[in-house]
Each structure stands twice: as structure tokens, then as C-alpha cells.
């Protein structure tokens, strides 16, 4: 059984990512590149995304900013097809991850989501132990090798900077952790399945400033191995941690550039108005 | 003006108190006649004798013969209703489109609205003959057919209440699981069902309670032979159908036959009371968890 | 097949199982209704509705059973509605958080789970014997009233809970007393919900057989009751008594009577759903 899984995992790696199993100096290639072409989204009759072309480079942190209801979360959730479950969802256009269109008919959505981790707005640990939360993604893939699971859980918790705080209490319920710890646990849970892209939907909006700072620092480290997209309402956060920033307004991508450029010298008036707090 | 308000409040309070009087009334009536019963029959016999023949000349008062029939039919009913009801609940919650769920849920609830005498007729005249074509040795009155039909009747109890419980699980957990690449099946059984377990357990307990108190289906289709058996193909008698049998005859007040139905009723009441109390306790705890 | 494919396969199998089981419930409902219609529908005619019961199945009718059911329901409405709605109002608007109110709450939840036949024993002990009302319509309707009380109380409370707090405050703000507020604001806005609960509880009461058997409803009543102290039969009781007879003719008559009972039940449930939808729309 274990052997079969091993092979399966390798297959996935080789089809999806052209990189060796072990990440060291060659990390640059591990993360994925995202490309969207003419993406439009409707919820029933409401047009939520009005045609977006965008390229997101590997090993970068990209921030999506814009007022509430501008489509940035919807757009983010296209990358792991989380909108599929929304009633009345319709989509047009192409989204390619490492060259493959993820909205092709044959795409295995579960496999896709294994490659593209997501962290949600509010910490949402399962009502299970800390260990079981992190091991969840491995278990649903059918991995039964205890040693492998233990290793991955430990590694993920270390990556999420939570290991030192919980290593003696792995059997404790995840719900007993503080909000900030819960969110780092959710990040660890995502990292344990070794994705190549991390989607973060306002991951710190429900947290206090100290927890927020911890998570921002964590995100900064994770850039070395992952392509990260973060939706945020917090301008300082976007300017602190991201390499690129995309400004969305009413379902359109208004401006997308290096973060420094967006925050110091935006091309568009709307962008400037938003980041200087004149609306939103 | 002030007095009128006060009087109205008192009247309403009295109305509410009627529910307490009802419970007191049930307990007093059951105990009163049962105590009279236990003056002529020892509790030990009642609990250990394996025969129940109060209507014959050679009288035995072993409630086990009725309890076994009661639990046999209830067990068959739950064996039918639990897998089907829970699968429907998960299907409606995780797979079915919203519009589908809105139509199907009330439709299934019709199953619970049909009078039980109709189900009894259905079991006796349609289900039993059908089962006899598969298994010819099945007797005309049997617990299998009654149990299956009772199970169909309580499907909506389990499916509706369990779906409510699944619905109450925060949506973020479902999304988190999907986000990790879990299928709907994996999400249902590894995340949703465990998270909704208390509500699902409550629905199952209520269904059991409903099944052991169900009367007309067993009175019509399960027979009138109290016996300690696990054989689902032979006639049995439940506590409820015994009470019906005596009531259909004319047992004079004060006779031992008359008193037996209260002793049997007390036994039934205790079973359902315990089950209902457990479910109430779980429900209270579970409400606090989500608030 | 690798693990991902296997998981997807299981997922699809379970989906199909879910559809099958859901359809099974509806299919059985269809089989039940079809079989009963097939046997009984030709038996329904004006004579069937207006004839007295008879020992000869082809002449038997449900006249006394229908009149008995109507009388019983009328009395049950008179007893159960004021008490049930009143108790619901008390619990929602007056009762403070006290031992007494939490006792009431536990008690009502428990009563809702008491088997109906136990209510029959209660009616037998209290109304039939203790008050000496005998196996009369009065005993039967009092027993059924207690049986459906929890349903009406719960429905009333739910409906009152849904009334926006701001409405009540507006009424108090104009100087209305508590009862005036309840009478003029709370009850009118919760009327749809309460009505739905009442109809559903009556539809339950109409189908009840077991408690009435215990209280002493008759399988054979050759005359129409004249007063509330007369003995009676009801539709489900008539069905039960026909079901237990060996002649095929009675099975046909039972099917015909079941059709009438199901029509009444479905119509009442339909009306209840209609009122609920209308009321919920209004609330929004």
C-alpha cells in the first residue's frame, strides 16, 4: 500500500511540477506560475469578474486589494476552484497553472486542491486534535505510513512556527488554542500536503496585532518555497509583505504592479484614491 | 387596568402549568394502577418470568416477553431508518443542489405525516405478501414487516433532524476540508458527521423512542403473541399492541387484566422517558457549543 | 486505480446511493398510495360516505366515523388552542428565567416524546374513570388536546420569537401595556406561524388511533352521537377495525376509508405549508 502511494505522489509531482522531491538550493522552481486569460465570472445574473488577464510569478507574494465586494476573493477562489460549490456560479476564460488549464473538463479537482493550499479569513480548525488537524490532508490521500505522517506533521508545524508551542500537546483539541495559534495551525495543515501555491483570504483579519505580526513574518519566510497570494483589506499589510499588488474595483483589475510602485506612484487615479483612504 | 393585566398573566400561567399537570397525571395514573398490580404480582416475577399470559387461565406476568417484541421491532426499524436516513441527510447537505433540498425535505416529511394506521394496513396487506414471495415461510403476522414499515415511517425523523445538525456545522469547516483536496464523501464522514455527532445522536435517540412507542403498525401487522424471541418471521407482541388488545376487549376496572396495561404502560413510559431525557441533555449541551 | 481516483469513485458511488435512497422514500410513498387507490377508489361513492357501519362489507359506510372525527376535532380545537397558545405566550413573553420556567421547558420537551398510547392511559385513568366521563367524545377530545398541546406550544413560541423586537418596543413606547402589546402587535404578526402549528397538530390528531382505542372509542357505532357524553368512533378507528377482519370486502372498505383519511391529512398539511410560506414571506 505504502509503496503504491509513494509512486502516486511521485506521479503527481512529475506531472505538475518540474522539480526534485527535496527542496534545497533549487527552491526557485518548486513554486508555480499562474496565468489567467479573459476570466469572467457570474453568480446567476450578477457579473462578479469582468474579464481579467494576469500573470503571477513563482516565489512571489502578491497582494489583492480593493473595497469589499470588488471580486478579489472570488478571483482568488478561482485558483483552487472553490467557487464550484457556490450556487449559480458560471465562469468563462482560462486559468493556467504551470501551463495547464485548471478549468478543463478532465481536471481532478481534489488533486488540484492538494497542489494549491488555502488559508481562510477566520481560523477554522476541525474539532479534532492538533495532530489530526495537520495530518488530515495526508489521511484523506490514503497515506497510512505512520512514520511519514509524523514527519510531515512535525515539519509542517515547524514551518508554521507553531511546533515549539504545541509539541507536548499534540493530542489536545485544536479548539483549545488561541486565535493566532489556530490560524498558524490552519497554515500548517495546508503546508503538510506540500502544495506549490498558497492562497490566503484575509488570513489576519480576525486576529490581534501580535498574532498578525507573527503570521506576516511567517508568510515572508514561506515565500522561499511557495507562490503566495494574499487578499487583504489592510494597506499596511499589503505594503509590508507583498512583492506585487493588484488593485481590484467592481470586478475589474484596475492596476497590477510592483508593490512599491503601487504605493508610491500609482498609474491610476482610482488606485491612488483607494490606498490613500479616500474611498473603500 | 393593573388587575386585568395580572389576571391575564395568571390565566396564561395556569395554561402553561397544565403541561406539568399532564406529566403529574401520567405518573400518578400509571403508578396508582401499577402499585395495585404489584400487590398481586411480585416485581421479581414481572421482571424475570419469560411468559406473558394475563388473558389466559394460567396467568404469567413476565414483561420480558413484551419488551423483547418491542425492542425487536424497534431494532428492525432503526436498522432500516438509520442507514437510509443518514445517507439522505448527507446527500441533501453535501451533494444535492439547494433547490433540490428545499423540495425534497418537505416531501420526505410527508412520510412522517401519514397516519400510522395507514402504515399498519400497508405492512399487513402489501409488504408482508411481498416479503412472502421472497421468503415463503414468513408468517402473516411478523415483526419483520412491521419493523421495516416502521423504519420507513421514521426515516424523515433521522434525515430531517440530522440534516439540520449538519446544516448547523460552520460552513468554514466544510470549505477547509474541500480546500485540502478532500472529496465530499471524505468531508462528510471525516469532518461534518463528527462535528454534528451530537445532533445526529439526538435524532437517532428520538427515532428509537418513537419506534418503541409506536402502536398501530405493530398492532395490525406484528401479531398478538407475546414471546421471547429474536426471530423476525414469527408473530410477536409489543407493549403497545398488548395495551391495544386489552382495550379492544372489555376488561372491567379493577380486574388484573385492566391493571396489567398500566404496569406495561409504566414500563414503556420509563423507556421513553430515559431516552427523551438523554436526548434533551445532549441537545442542551450541544446548543451551548455553537452559541 | 490510484488513491485519488479511488476517492473520487467512492464519492460518486455515495452520491448515487444518496439519490437512490431519497428516491426510495418517495417511491415507497408512491407504492403505498397507488396500492390503496387501486383497491379502494372504486368503493368511494356517496353511499359510502353516508352509510352507517355494517356487518356486511359491501354495505358498510363511514358516516358515523366522519361525524365522530368532526365532533372530536371541534372539541379538541376548543380545548387545545386557547390553552396551547396561552401557554406559548406565557413562556415566551412572561416567564422569567427561573426554576419554574426551566422545569416547564424540560417538561414540554419530554411530553412531546411521550408515546401517544400513554396519553390514552392518562385519559382512561383521569377522564374516563376518575371524572366518570366514560368512553365519550368528551374524554377522547380532552385526551387528544393534551396530546397536541406540546406541538401547539412549541409552534406558538417559535412564531412569537420571530416577531421583531423593534415592533414590541414601538408599542411599549406608545404607552401600551404588556397584554395590549401582545394582543395588538405580537399575536397579529405571529398569527401565520401559530396557525401553521395548529393545523399541523390537528392533522396529527385526526390520524391518531391508539389513545382513542384506550380511552374507549368504538369499532362499531351504529348511530350518530347526539351529545358530548355519547360513545363515538373516528375514521382511523374504523379503518383499524376493518383491517382486523378477514373478509376481503372489509379490506376494500378500509382502503376507501384510508383514501379519505389521506386526503384530509394531505390537504391539512398542504394548507399548513401554504400558510407557513406566506407568513415567512411577510416576515421578510
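Assorted remarks:
By written order: A, B and C. Residues from 1 in each chain.
In the analysis below, a contact is a pair of C-beta atoms (placed from the backbone, for glycine too) under 8 Å apart; a residue touches a chain by one contact, two chains touch by 3 or more.
By chain, with names taken from UniProt: A = Phosphate ABC transporter ATP-binding protein, PhoT family; B = Phosphate transport system permease protein; C = Phosphate transport system permease protein PstA.
These numbers were taken from a predicted model, which means no experiment stands behind them.
Taken as a graph of touching chains, this assembly is complete, with every chain in contact with every other. Ranking B-C and A-B by contacting C-beta pairs places B-C first. If you average the Cα atoms of subunit A and of subunit C, the two centres end up 53 Å apart.
Subunit B and subunit C have CA centres that are 17 Å apart.
For this pair, subunit A with subunit B, the centres built from the Cα atoms lie 48 Å apart. Of all residues in subunit C, those that touch two or more other chains are 7-8.
Within subunit B, residues 183, 186 each touch two or more of the remaining chains.
Among the residues of subunit A, those in touch with two or more other chains are 110-111, 140-141. Of all residues in subunit A, those touching subunit C in their complex are 4-5, 8, 11, 108, 110-111, 140-142. Across the interface of their complex, subunit C is touched by residues 1, 4-5, 8-9, 11-13, 15-20, 22-23, 25-26, 28-30, 32-33, 84, 87-88, 90-92, 95-96, 104, 106-108, 110-111, 113-118, 120-122, 124-126, 152, 155-156, 159, 183-186, 188, 206, 209-210, 212-216, 219-220, 240, 243-244, 247-248, 253, 261-262, 265, 268-269, 272-273, 275-277, 279-280 of subunit B.
Taken together, the subunit C residues at the contact with subunit B in this complex read 7-8, 10-11, 14-15, 17-19, 21-22, 24-26, 28-29, 31-32, 35-36, 82-84, 86-87, 89-91, 94-95, 103-104, 106-111, 113-122, 124-126, 129, 146, 149-150, 153, 177-179, 203-204, 206-210, 213-214, 216, 219, 236, 239-240, 243-244, 251, 254-255, 258, 261-262, 265-266, 269, 273. Interface residues of subunit C, counted against subunit A in their complex, comprise 2-8. Subunit B makes touch with subunit A in their complex at residues 97-98, 170, 172-173, 175-183, 186, 190-191, 194-195.
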